[in-house]
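So the structure is just underneath, and the comments pick up after that.
So that you can tell them apart, the chains are marked A, B, C and D in the order they are listed, and the count of residues begins at 1 in each.
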């Protein structure tokens, strides 16, 4: 990205260092699954978790475009950690999007002070967590699936339904609140260290000040941009994965690939087919990142406008983010599968774990269907209609 | 593009108005071929021809990124006019790139004063124009093919070889110089009004101050960036064509396309397949433009550095431009062929002339082979080697 | 010679004849693409060749060729000139529609006169156009209105016509002599591709239809067999697309070898040694080969279905339709890809108007829009996912 | 029953047997993909089934199945478990290599003992690895060194071995009992795909080779026929890829119908009615169908070439190679596309480790790297552009 400030450069530099260190054992940790405790702690210590928290509450007051550049950088080394950082940033921001100023004032200083990582318990597809209204707050019972980042988190961003009225609400609770069990049972083919398993709630108290309901009482276009945030985070995880894959492949081809027996060249890195394929892969990745960078700037403007964001601006953001997301997803799928063609048969050995790139991308490109994102964009191009806000558009 | 200044907005606004008026009879003029005299005059009157000429010589002192945005905008309405404007900008700039300060001081005020359009007689692939050294300057004899913009031009940017030494030189002559015959014999399947035919030279005098040889005597990396300029101009012609095609298709689908008999929808614009395809096409075009915009910024920096441009910076520019070019070319080919699938069988009628988009793009994507651009980029990604400067990379 | 040998020899003769015509047509294909209009000279060559009677059984004076041979002939012509192949293929489709929709007496009559007089058939049949009305006046059936996309109507001898019966949903099918009073074939086809197919409109002004010209079987909706007309039409289009792709690839190969200079940074001595050009031709010829394999399968299935005649069951009709949809979809995609990609190898000078190499893409693009590929894919997908047969329509 | 009927009945029996085994294998395919290692139980089931003798002529105790049937069996197993199909296919390849490279006496002996004892063959043959040396010492031939990518060597009874003769460019081919002193099959295959193929290395330490174990024909370079071993290997790989694609598409279809919920904004009641899912399955099944058509053509050509034996000419060998290259290239591309795209329809929950649906992609990706697709395209392109036959190599 162009036009970065000195401060942003420092953040990105930190992210780069973290990413390089994460890359070293990413293949091994992919095999093991579970929680990357040590790596999460390294992120905690870096201070990057506070990037989006306003300065008045002790944070860095950074921009979303910076947070996304960090996501991309981390994902280059390890897509799971890029994901965890991105979703942490989303949940922290959700308070600002859907909650009150008082809730920011309450949670943000705590988060900064505790170097807190925020996790997820808010999958909107299934109404599996119910709240029974109390005099103050709710009593929560049920389960939430796809709880990315819930293991080793300090806070959980959750969604639940009022058992009586069906009302959809959000909330934030400390992860160690009595009655919460983070199952840590995520075992998928990719993004294996994102801890995206189930979170159980048994008679969990959520206090009134922890219940997020301002978006219900004072709905604005701004209060619905969470969908775009989650989509653009994933976009940057895909792009980071794609560049990470190209980088690993480049190292491999340059040092290990043997020229093909009828190639007539002395080094694989002079093979005309391999050269053009590297061009093709990199150009695709670069186009994806350029498109995502444009969307990030639109997001920065929207973030700046905050509650003043118009419906049209919200729609414009959603369309550009959907476009960037589906392009990056398809591109990353293609790249992470084709890198093997420039490395050769021996690159399948488990010691390298190069298949993790494809498995990671394939797993999280399924977050919501690419085809419906194409439709969202197409409906705007053809009919000038912005998407009706939902958790994915 | 983001971050445009007020002045740039004004230029772009002018370009947009011109583009809209060009679009009206673009199909008709495509059929006729020949020279778009009236349209070229409209560009002359707009003052946009002076955009890149420094203010001290009476020009606007604009940036290349602005010139390219204008190329794109014009190409949206008519790819031939986008091309003519882009190549005019290139030839004007060639003086700065390869000539002396004195030559700028000589030609620029003349060009501004005459609202001059510059044309081409410099195809480097064939040594078909020879210069016989005179006491002062040369006597030129021969022919140059692919003379884009030579009809209805005031100046020609030419290349020739010293008959004795073989030395490759450039030069600028007024198009009406005695002995020059612009054949105006371009008759290709696309870009039909670019006048890219032959230019004949019979005992044409070129004076010493018109001979461009500073790049020979004082070669710098900057003096070889013409290749990148031509490639990024074409890039923006492709992108403009792609957006123009989508826009025409959108109008057509919304107003004329009937829903398919088994579609189950009442309007073609509600067809799920058509919607997703519009999404797909627009996202591709948008990715191409984002990538090209990034390259344009790198070009702006290089242009600013001028003779201080390092070899590495020149290489970096060439790689990014090649990437943007090949991506835009492939994208535009795909889009201009697929628009018909969202319009239907009746869209082939000649009255619309929608095939011109594909014919235009297909014609000028052959300027130099896409495959070798992929190799150029790949050789940098894999081997960290910048292209050896040639007229195309 | 035994029987098989005789058939083989006569097939060879037919293909030889088709090749000769194709060679003749290819000489002027560029010129005629430029001019558009009606290829009168070429239509007469087709008449004289006898090939118009190709699928008509021998007992009625034709060659009695089986469908695989008929398609092969259309394909051979399409390689040279897809407009002429379109006219010929639609002629076959139209003549043989009388076998599907007419009474025994009717198709015998049409077959015989077509073979003996070398009649050229055209159509005014577009099922998506309800602009032609049939009215009964004083016991006489009259047609008024117009039809669009009437490929091959100009200079035809017979027209297969579909019209909307007034006051009913019924579609009336009939065969009329093109010179019948009140019929005007309009010279208004101006598509950018298939430029000599005369796919413009036909106007009808109080045109009398006689009882024996009406194909009544068309209304018997319970029958499956007549609906294979759709399959026949789709296979004709598939063979046009295949021929265009073949022609484009062959002609571009000849150009590359004769004219293309090796690229400045290629380090090869001839363009055909360029690794990237080789790679592209590898991919293109591979895809073309896949077309051929898919088409072969579809033609075999169609041949079987056709031979069943009235015993044809809906299941077989549907499965045959899926095979054809597969062949057509893949061939359309391949034809569009090849006709655009050939330029990469040939280079910038190949865009010169003298070659009209863009006609391949323009022709393929035009034919491939006949009915949407997206709905073919839907049919295939529903069949694979849910064993649903394609709906019986004029396009599937 | 006449002769044709008898053959058909026995073919049906074989395919039935293969299907039964495939069903059995599919029950544990996920578990075994997770574990990797040697599928001893399954290998013994293959031994017991008698299928190891499938291509061995009846006179030597085998089934005498023709190649199309042998490939079909490999394909059936591959749909369920491509590792086991790999082992079986390479077993056939290796046994039958003795017919290509051995004397009449040799292959008869090998055929007979394989059929009577249900021997499982593996290989130590990798032509890209020159790490195994043959040395003559005191008149005895000894092997020392190692070979990589030795699919199926572990738990095998016979090994086809290639070694570099010291002091010469010659490659020595021989068949050794796997338990011969000095041979150690190493358990070091850890590819992310084809996890139970044991494609690790084999170590040789002063391994004696007896005269009758050496396949001398290998050195007779003027003969074309032995070089069809490459074709056989390529067709085996093609059938593995095809089976993987089929298995992935079938299993994903079952999942979509049983588990996938319609998307929130889809307005359909079941996932299989989603227009985008239908479209994707349309495309995938169409491409799979094209694979099948291309493979059928290639197998037919191979069958003809094989039957020519020593009369096989270079031209036919080359054209057959092009047909195989086309089938393999297209199938590899299709398999990679399908094994990745199935997830779009199935949705996020299908990534759960319990299903191991990613094994299809991992397996296809692994097999498709056996030799570069780019060079197959080059062979095809050179053939199309310049009528050049593919070079005779262990891969083309």
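Structure notes:
Keep in mind that, in the parts below, a contact is a pair of C-beta atoms (placed from the backbone, for glycine too) under 8 Å apart; a residue touches a chain by one contact, two chains touch by 3 or more.
Everything quoted here is computed from the prediction, not taken from an experiment.
Relative to subunit C, the most remote chain by averaged C-alpha coordinates is A. For the pairs B-D and B-C, the larger set of C-beta contacts lies at B-C.
Per-chain CA centroids place subunit B at a distance of 41 Å from subunit C. If each chain is reduced to the centroid of its CA atoms, subunit B and subunit D end up 52 Å from each other.
Touching two or more other chains at once are residues 275-276, 279-280, 374, 378 of subunit C. Residue positions 272-274, 276-277, 371, 375 of subunit A are each in touch with at least two other chains. Of all the residues in subunit D, the ones that touch subunit B in their complex are 275-276, 279. Residues 128, 149, 190-193, 263-266, 276-277, 280, 336, 340, 343-344, 346-348, 350-354, 356-358, 361-362, 365-366, 369-375, 378, 391, 393, 395-396 of subunit D are the ones that touch subunit A when the two sit in their complex. Residues of subunit D that touch subunit C in their complex: 249, 253, 256-257, 272, 275, 277-287, 289-290, 293-294, 296-297, 323, 326, 329-330, 374, 376-386.
Of all the residues in subunit A, the ones that touch subunit C in their complex are 272-273, 276. The touching residues of subunit A, counted against subunit D in their complex, run 125, 146, 187-190, 258, 260-263, 273-274, 277, 333, 337, 340-341, 344-345, 347-351, 353-355, 358-359, 362-363, 365-372, 375, 390, 392-393.
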